[in-house]
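Right after this note come the structures.
Consider the two complexes below, in which chain A is the common component and chain B and chain C are the respective partners.
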Partner chain A sequence: MKRILQYIFMISIGFPLVFLLVLSLGRQWPYPSVFPKQMTLANWEFMQESSSKLFQTFFTSLGISLTVAFLVTALCFFVSKRIAYSKNRNTYLVLAYIPYLLSPVILAVIFQYYFNIAQLTGTALGVIIAQFLIAFPFGVIIYLNFWNENLKATEELSYTLGGSTFQTFKKVLFPLSKNAILLCFFQVFLISWFEYGLTNLIGIGKVRTLTVSVFNFVNEANIFYAALACCLLVVPPMILVYINKKFIFFVEKNEA
Partner chain B sequence: MRQKRRYRNFSNLLFIAIVTLPVASGLVYALLYSLGFIGLLNKGFTTDAWETILLGKPFWSSLGFSFYIAMVTIIISLTVSLSIAISWRKNLNKGALSSLIYLPLCFPGTVMAFFSYQTLSKSGLLSRIGFQLGWIDDLRMFPSWINDAYGIGIIITSVLLITPFFIILFSNLYTSEKVEEYVQLAKTFGASKRQVLLKVTLPILLKKASVTIYLFIIFVMGSYEVPLLLGRQDPQMISVAILQKIQKYNLYDIPKGYAMSVLYVVLVIGVLFILYRKNKTFFKTEMKHS
Partner chain C sequence: MKPILNIQDVSKSFGKEQILSHIDLTLEQNTVLSLVGSSGSGKTTLLKIIAGLETQDSGTIYLHGEEVSNMKPQHRNSIYLYQEALLFPHLNVFENIAFGLRLRKTPEALLKQKVTEMVSFLGMETHATKMSHQLSGGQRQRVSFGRAMIIEPSLLLLDEPFGALDSVTREKMQVLFKDLAKQMQISAVFVTHDLKEAIVMGDSIGKITKGELTQFSDLKSFYNDKDSGIKKEVEFWKQFN
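This part shows the complex of A and B:
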């Protein structure tokens, strides 16, 4: 019985992906047919057509998410280190939790005016800055769990032995921080990749990311293209989660 | 030494500039707008928007509906995830399930909401299967799970989104907190299966995950994409309600939208400070200061 339940559970985990894939291949789905009347690769071919812009949308989303992930990962690394060793560490941590806990779309509501006067609304740069503002506190929270006394002592030992700031970073801190850096990068990438409300409000519909496209297709009652956009949305996180999980597994083995 | 101090001050200032300043200045703008000092139709200081929000129904009913959705979602999710994490713990550590359980984490709210809509709506997959099996004769006979008054579609989707996370969390906690050893100890002392579950396993797992659970209640309360696609006009979840006020063509509603957003932000900050005071071990660490 337990085995059967587990198989049902595993099938149900994979079901949404299969369902969306089938729907992305569909053309007509009249009620009460369980499967679409027509199954074709035409929807996926549509993606490549320059007029569809779905191909460009995919790369716009990828570009925005990679930029936000890179900026947050790099900047948070140095800022969080100072905060972690600061006397007011806990105050900073609570301050970081405020934007982290608030709904991104509510933050977009209160930020919007400043983006308007800076003429950043409706631009990819505006969306990157807005996403950076919501992801930065999260990056700090991830890194704050990582900095500790042992790491600090190792860093100070490097300075004592004559290592320069750059050498200490390259030979000591960076190799020891690889796990935390990758974790931060993946997590921030996912936050940016999954974001809809803030992106739509700051991008005012002009910056078409994949999540924005899903809602546009739903509003146009085009469920097949919406399913196609959903499939595209799921692919990079699946690759990332696979790499991340493998990576964590690898580290545990090493530590053991 | 001076360079080091300058770098430290710069980092702290950068943190304030990126994390605190935007929220604070956004709140100031929203507050000024809601009090009539600025905005398209401003006529000087007025508390009209605040009186409408504080004494009227929309804000509190949206907040109450969001809290109801979050609580029901968390209770169902915790029940399912604890059952799976405890009874299938060996399968969650190795084999196909240990990898497959990460798959739902790839689904953003937007995708899961779209999936739920296509599955649970009156013309969705379940309704079609019901029709083919002869359970219903017409799609109108299928129950309303989407855009319904009780937020059933929102709850199901939110449960689908967060349950895998909690399964992984509890599964990891079970190992890291050495729950198995406590279970064996309790059994040695003659505890029954029920006593082990209620007095040992559940208290350890729930206590360790308590702050994460509280944070998830706030996250679900503030969710936007799922209720936008699966919710309805009344009652609305708080994020959707605020956005609708801000984006409405009626300019008189904008100050109310800003008043609602200020009130929501203040409430979340209040809850965060309560959590901070009640759960010092979560926020406070034993890092020695330089």
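This part shows the complex of A and C:
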């Protein structure tokens, strides 16, 4: 029974991925055929065509998401520490949840006016800033539970043992926070990578990320290209899941 | 003899609550001062102020005759040890003890020699490559002492370091600390709740009550003080005789 459940679980994860791959290779798939009539790499060759810009879109998305994830992970580390040890910790925590109560799209509508004035709409920088504003409170929330009295005491001990602020960060805080840093980086990367509404509004169609492209292909009823874009879309998250499993899960298992 | 630690008129408040009030304290070189007092009396705050981890509202602190009132903790050469051993979980026993020496960029050969000697002194030879979660509470506390002692601090500030240990381990640790303090000529302020431990560990005793410190010149005057609680304790045990 346990094995059957495991297989069901694996199929539920694997089937959509295989389906997307078949769909991206297919052409002419009329109902009720089980498989496409034609299997070809033509859709994938489309990526290389200069007019399609799908490769460019992939790397634009990657650039935006990596930048947002890096900025949020680095800044939230220090900001969350201040908040965690502040007397007003709970107030800041409530404020951090507000973007998620409003939803990113509503926030994007609010941002849009200011982004228009600052001439940031339709630019990659604008999209990065908008996504940063959404992901920043999330980064703070992820880190907040990491800071505790025990860690504070460990940090203070390092100071009294003669460690400078930089030495304490390098030799104590960073090694102890590696898992929290990786977790924050992965989560924020995924938020940015799959972000559609806010990116579409601030990017006004000029900044084409992979997620925006998928929706465009779907709107054009071009399921084969949409599947192709989806295949590209799931590659980075799958790599992240692999790294996460290898470096975080494995380390935690060994420590336990 | 010049005192190693001299505190003059130190006061500290958190908001409206006065934690320490006009504290004066002196500690002679190579002696241990036991500091007793009830919870919330201000013992930990005083220790943290001496270590530079808290800032006093007023008053001055001298270490070796030098004013350190506004000096950062890393420059005071005073180590504050908590009730928990707080070993660095990502380092093994050897590296935990070597931590302070590595911060000071001690040459590798000298570092290895010093750490090996300390590991041997602590009786932890077979545990040198173990991580902190593989050690018992007493072993962790030994490593914590070794990590502090190896950098030869001017002053050791111990905040109920044996509070989390069972009575047998506690007694062993008291003996170990006394040996270490004697051999390495350590000056220390030792905070404890336990009156017996205060007498065993200290060359002199101070008592904090509601933020005010009374420093007794010797153990006898502490015993004779009616508010010390010692006589009450003696009477309590006498009834079983």
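Things to note:
Please note the rule applied: the second predicted complex is superposed on the first by the 246 of 256 C-alpha atoms of A that agree within 3 Å, B and C clash if a C-alpha of one lies under 4 Å from a C-alpha of the other, contacts with A are read in each partner's own complex, and residues count from 1 in each chain.
Assume contacts are C-beta pairs under 8 Å (C-beta built on N, C-alpha and C of every residue); 3 or more make two chains touch, one makes a residue touch a chain.
What you are looking at is a predicted structure, and each value in this text was computed from that prediction instead of being measured.
Of the two partner chains placed by superposition, only chain B is touched by A:L93; chain C is not.
Of the two partner chains, chain B is the only one that A:S103 touches; chain C does not reach it. In the superposition on chain A, contact is made by A:V79 with chain B only, not with chain C. Legend: residue contacts after superposition of the two complexes on their common chain; A:L157 is shown touching chain C, with no touch to chain B. Which of chain B and chain C touches more residues of chain A: that partner is B.
Of the two partner chains placed by superposition, only chain C is touched by A:P175; chain B is not. Contact with chain B, but none with chain C, is seen for A:Y31 once the two complexes are overlaid on the shared chain.
Touch criterion not met for A:I8: it reaches neither chain B nor chain C.
By the touch criterion defined above, A:Q167 lies against chain C but remains apart from chain B after alignment on the C-alpha atoms of chain A. Chain A has no residue lying at the interface with chain B in one structure and with chain C in the other.
The touching residues of chain A, counted against chain B in their complex, run 2, 6, 9-10, 13-14, 16-17, 19-20, 23, 31-34, 75, 78-79, 81-87, 89-90, 92-99, 101-107, 109-111, 113-114, 132-133, 136-137, 140, 144, 147-149, 152, 193-194, 196-197, 201, 211, 214-215, 218, 223, 226-227, 230, 233-234, 237-238, 241, 245. Partner chain C is touched in their complex by these residues of chain A: 150, 153-154, 156-164, 167, 171-172, 175-176, 255. Residues of chain C that touch chain A in their complex: 51-53, 72-74, 76-82, 84, 86, 88-90, 99-100, 102-104, 133, 147-148, 151, 157. If you check the complex, the residues on chain B that touch chain A are 7-8, 11-12, 14-16, 18-20, 22-23, 25-27, 29-30, 84, 87-88, 91, 96-97, 99-112, 114-115, 117-119, 123, 125, 127-129, 131-132, 139, 160, 164, 215, 218-219, 222-225, 228-229, 238-239, 242-243, 246, 257-258, 261, 264-265, 268-269, 272-273, 276, 283-285, 287-290.
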